[in-house]
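In the two complexes below, subunit A is the common chain; its partner is subunit B in one and subunit C in the other.
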Partner chain A sequence: MISLRGVFLIAKSVLIEAVRRREIYVIVLAASLLIGMVMSIDFFDIKGLTKFYRETALKVMGMATAATVIVLAARQLPREFERRTIYPLMARPISRLTFIAGKLLGVMFSAVFCFALFMLIFVFGTWRLGGEIPWGLFLQHIYLQLLMLLILATLSFWLSMLMNFDAALTVGALFYFSAAFASTVILYLYDSSGTLFRWFLLAVNYGIPQLTLFDLSGKAVHAQAWEPLSFSVMAQLTAYGLSFAVIYFAFATICFRRRPL
Partner chain B sequence: MRRAVIAIIVFLALPALSSRLQPNQYKGGRSRDQQERFERNSSAVAQMLGEFRISMGDILFLKTERYLHNGMAFKAHLNQKQLLNVYDHDHNGHGAGDEHHDEHDHENLQTIIPTRAHDFRGFIGELERQVKPWQDPSEHHHEHTDGSELLPWYRVMTLADPHNVRAYIIGGYWLKNHSIDEGIRFISEGIRENPDVFELRLSLGRLYMNKAQSLMPPNSPFGALPEPNSEAERCFLKAQEAFEIAAEMGLKVRPAGWSQEAENPSEDWSIFREEDLLEAMGKAIQTGRIYRSKEHALELAERYYPLLPDPLMLRYLNQMRQLNGLDALPETP
Partner chain C sequence: MTDTTQPVIEACELVVEYGKGAQARRAVDGVSFAVQAGECVGFIGANGAGKSTTLKTLMGFIFAQSGGARIFGLPPGAVESRRRIGYLPEVALYYPFMKARELLELYGGLHGMTRAQLREKIPPMLERVGLGERGEELLKSYSKGMQQRLGIAQALIADPEALIFDELSSGLDPIGRHDLRRVLLELKSKGRTIFFSSHELTEVEALCDRVIMIHQGRIVTQKPVAELLKPLNLFEIRFADINGELPTEVKEFNPARQGSEWTLRLDDLERYTRALDALRRSGCEVRGARSLTQSLEDYFISLVEEARS
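Right, the complex of A and B next:
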């Protein structure tokens, strides 16, 4: 059985640890310096050019948060085993499902915390450049990014149960950074492929989460030309994202349960 | 510890060591002439780093394409020839003047994200068409943005690679809509970095002409003389000087006897470069006649025509001859 109180307690401890370790601050600071550099470039003294800033900032923020989530998620379980801190925890009346759910929630809290810091910087930067924030698309983008981070976190948990921390981190990062590229490659390859390979591409298309679907930055950057997504589309994306998150989380839990203490 | 220090020193010294590599030195960038591209590709360092910078240049140019189309990604723009064609029509005014809604150029464009009829991905394709900036190209009027938001990308391109000539030219073109002086500064920076590229001089001449026209009284016809010693006159003379320099530099690099129909046309020269050179020569003659003297214009036409015996040049030459009281030369078919 899952204990909600237990989940929140573990999640809180993960978040506190993430905040105390200052890794998030370092990532946010490094990303902010990059964004600051972009803001400091003199674009011919023309005011109100915010698309370039919006695009760069959203990309940097997205990548930095994804990197944070992959690192945090991939190390949660292996470190508990390495440090042997899992034994006293498991000695308490906490189920393994509660434990892993708490860890996942804690990682997602950390992602939200990281994103919130970035949002402050983004809003400040936009205000400083004299631009407007397209709130509808912007908030939808954040929501979809958090869904994508949930997929990444659950995948990283599962990977960390299959391989060591370094390998899980590398595979998770490779998956994230090659996702958009892979989606385009599938499209190009399909037309010139034979029947068998087409079945393979179809399987890849449906079997692997297409992370590009959670990136609304294209519309958020060119917001003057596009409307926010409809409720129906947001619901479909939510269902799509959650289905992969649930599957990966189930695999991670199964692997975790089978792992001898 | 000592090993670590030595390793760090060796690592830091690597860029210096690369200058010893043969043949040639690497000078990155995508949008330069064919000769430079050849030199770059034959460089040892280029083989290690060149592709990365070329790809970066391509990515940044594609980014400006997307900004021009409100974020939509078109497949046809990935084709280098079409990319050049669209830019030359939209940005440099080849053939289409200053018209940015030149719809016939985009009739056959396909989006990178395919239409439902051509997408095997089912609901995933459907979602992507909703999430990404996308419109069915057959159902929607193709519109371009005003181009101002593209400017930061040209600045970044030239900061990353000061030899990216096309970024200077196209950036200068867009800049003139906001500030001609900034455009002149940008092109002048391009000339400092690339002193041998005649197209930059031509762009500078165009911008000085724009500035001079803006300083003239409203509704002044083309060719109206400015007040003596005025800022407008100075700008017209600078434009004339830039056109003359562009023509001289272009004639030096143009392969002798170049023809578009030749079986093996030179890779160093394209029809766009030929058109640019003709424009530079034509404007040098025209502005020379108006703002300097008819004798000077005749001198230029007589110099240019034998070097580039184009019917347009012959027309200019005959005009200048008649203005100077000489008989026109026979026009050969």
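Right, the complex of A and C next:
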């Protein structure tokens, strides 16, 4: 079955590669430049600038980390085949479940590493602008974003079992960007649709995770108007996010279990 | 430890196909063989004969359409059987952003070795494969030969009971091959079971107890090496002349000069004995005399040509 030590060892190898490759740093640098440009704009009063900075920074952080996770997760398996590193790895006494769980954990470790770099930039920027960070909402936002990244990682893993890297990357990215307005579009279409199409829309609505639920950036920016979410809401969001992650992970595992290497 | 009553590696009417329906291509077609504990068996065949496919099926990487395989009595890919096996893939490439030490820590760790065991085993293992001073370098700077040496180290790191090597000496220079042969002979003397495919037939000849030959997905022969290397009724004598002069009684055997020596090739025992006597009488220095045998390569080529025709 699953070997926890095996999972951690494989995850460590994924993290080592993510840290030693330059991609994450390039993404962080590009996003930081964007955030730096926002900071340099001087046409708001200082209070307005802090809010503008926080909002932009959180959005950019979220998008850049999501892009990193989709790329990392979608390429894990194709790259193992391309380099043929999968053979010496799978010749070890580990199950395929251990392999895929290790890869997923490694991607999540890399996401945390990327997020941590962004957080440092965010905290530094807020401090430079003299603003305060609403820690309660901010930490809740980070937690929910990590949950969203887990959904994206498991989905990208599954997609990479079904299609090649380029296609998995495209579908994963489309999924992430369309998820922001999918529920709004469904809401508009719902009222003007027939019964059958309504059922379809409902199925889509419940079948696709509503990624906007995991984004508290707006609330974190306007912290004066918002309290941190209650424990029960956080628990429900956790259950909601985890259920999608588990389903996608199960699909990925089933696909990988009988796949010739 | 190994149960000596059951084969370590066993294939029974193994059939493996690539593709589906009308496009299906049979890569392995009813292959059966067994490798006993402590045996060193070479698996040889031309490119595309089905060697790698068979080995991948034994490792559980690909699945057989019919027939079966067992490793230590367990189905291919069973975690427990892989615990006792060291495997070297056909093309060995390793994570370019890792160091050799880290890679061996990863593979050894997955084999259940403790940190203390890894600390103790990795430096001598790298030394053994000739990478002693390169353990802290990133693998992206490694040449193909170095990657292959590392591949051998990763296969041996957990001290497995059986070794399955796909294209044993691929990418190795002559020194690398020599080192590898030394390692394998050492493992053989320790009673490890070794099953490997190779295009280097001289290597197979030197190392193996038995050879399994595959052609177009089918086993064409499996015999002890000694049985395949049969005498050719050809004899060869190497000798040195006296002060550049070739005695007349030796000239009649038509010797050929090879560097500072002369070589005589004779096709019957009676002439061979007469030539040896003549050389002794004339005072020439005989440096070597042997009965020529058919090499594994000759045998392999004749079998493949026979199968083609």
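Worth pointing out:
The rule is simple: the second predicted complex is superposed on the first by the 255 of 261 C-alpha atoms of A that agree within 3 Å, B and C clash if a C-alpha of one lies under 4 Å from a C-alpha of the other, contacts with A are read in each partner's own complex, and residues count from 1 in each chain.
One rule holds for everything that comes next: contacts are C-beta pairs under 8 Å (C-beta built on N, C-alpha and C of every residue); 3 or more make two chains touch, one makes a residue touch a chain.
Being a predicted model, the structure only gives us computed values, none of them experimental.
Room for both subunit B and subunit C is found when the two structures are superposed via subunit A, with no clash between them.
Shared-chain residue A:L187: touches subunit B; no touch with subunit C. Once the two complexes are overlaid on the shared chain, A:R258 sits against subunit C while remaining clear of subunit B.
In the superposition on chain A, contact of A:Y240 is made with subunit B only, not with subunit C. Within the superposed three-chain model, A:L49 lies in touch with subunit B and out of touch with subunit C [touch as defined at top].
Touch criterion met: A:G218 reaches subunit B, while subunit C stays clear of it. Of the two partner chains placed around the shared chain by superposition, subunit C is the only one that A:M90 touches, whereas subunit B remains out of contact.
One of subunit B and subunit C touches more residues of subunit A, and that partner is B. The superposed arrangement places subunit B and subunit C with a least CA-CA distance of 29 Å. In the three-chain superposition model, subunit A touches subunit B and subunit C at no common residue.
Taken together, the subunit B residues at the contact with subunit A in this complex read 66-67, 70-71, 112-114, 119-124, 127-128, 130-133, 148-149, 151-153, 155-156, 159, 175, 178-179, 182, 186.
By the touch criterion stated above, subunit A contacts subunit C in their complex at residues 3, 5-6, 9-10, 12-13, 16-17, 20-21, 83-85, 87-95, 258, 260-261. Of all the residues in subunit C, the ones that touch subunit A in their complex are 56, 59-63, 79-80, 82-83, 85-89, 91-98, 102, 106-107, 109-112, 138, 151, 154-155. Interface of subunit A with subunit B (complex): residues 41-46, 49, 51-52, 144, 183-184, 186-187, 190, 198, 201-202, 205-206, 210, 212-216, 218-219, 221-222, 224-226, 229-230, 233, 236-237, 240.
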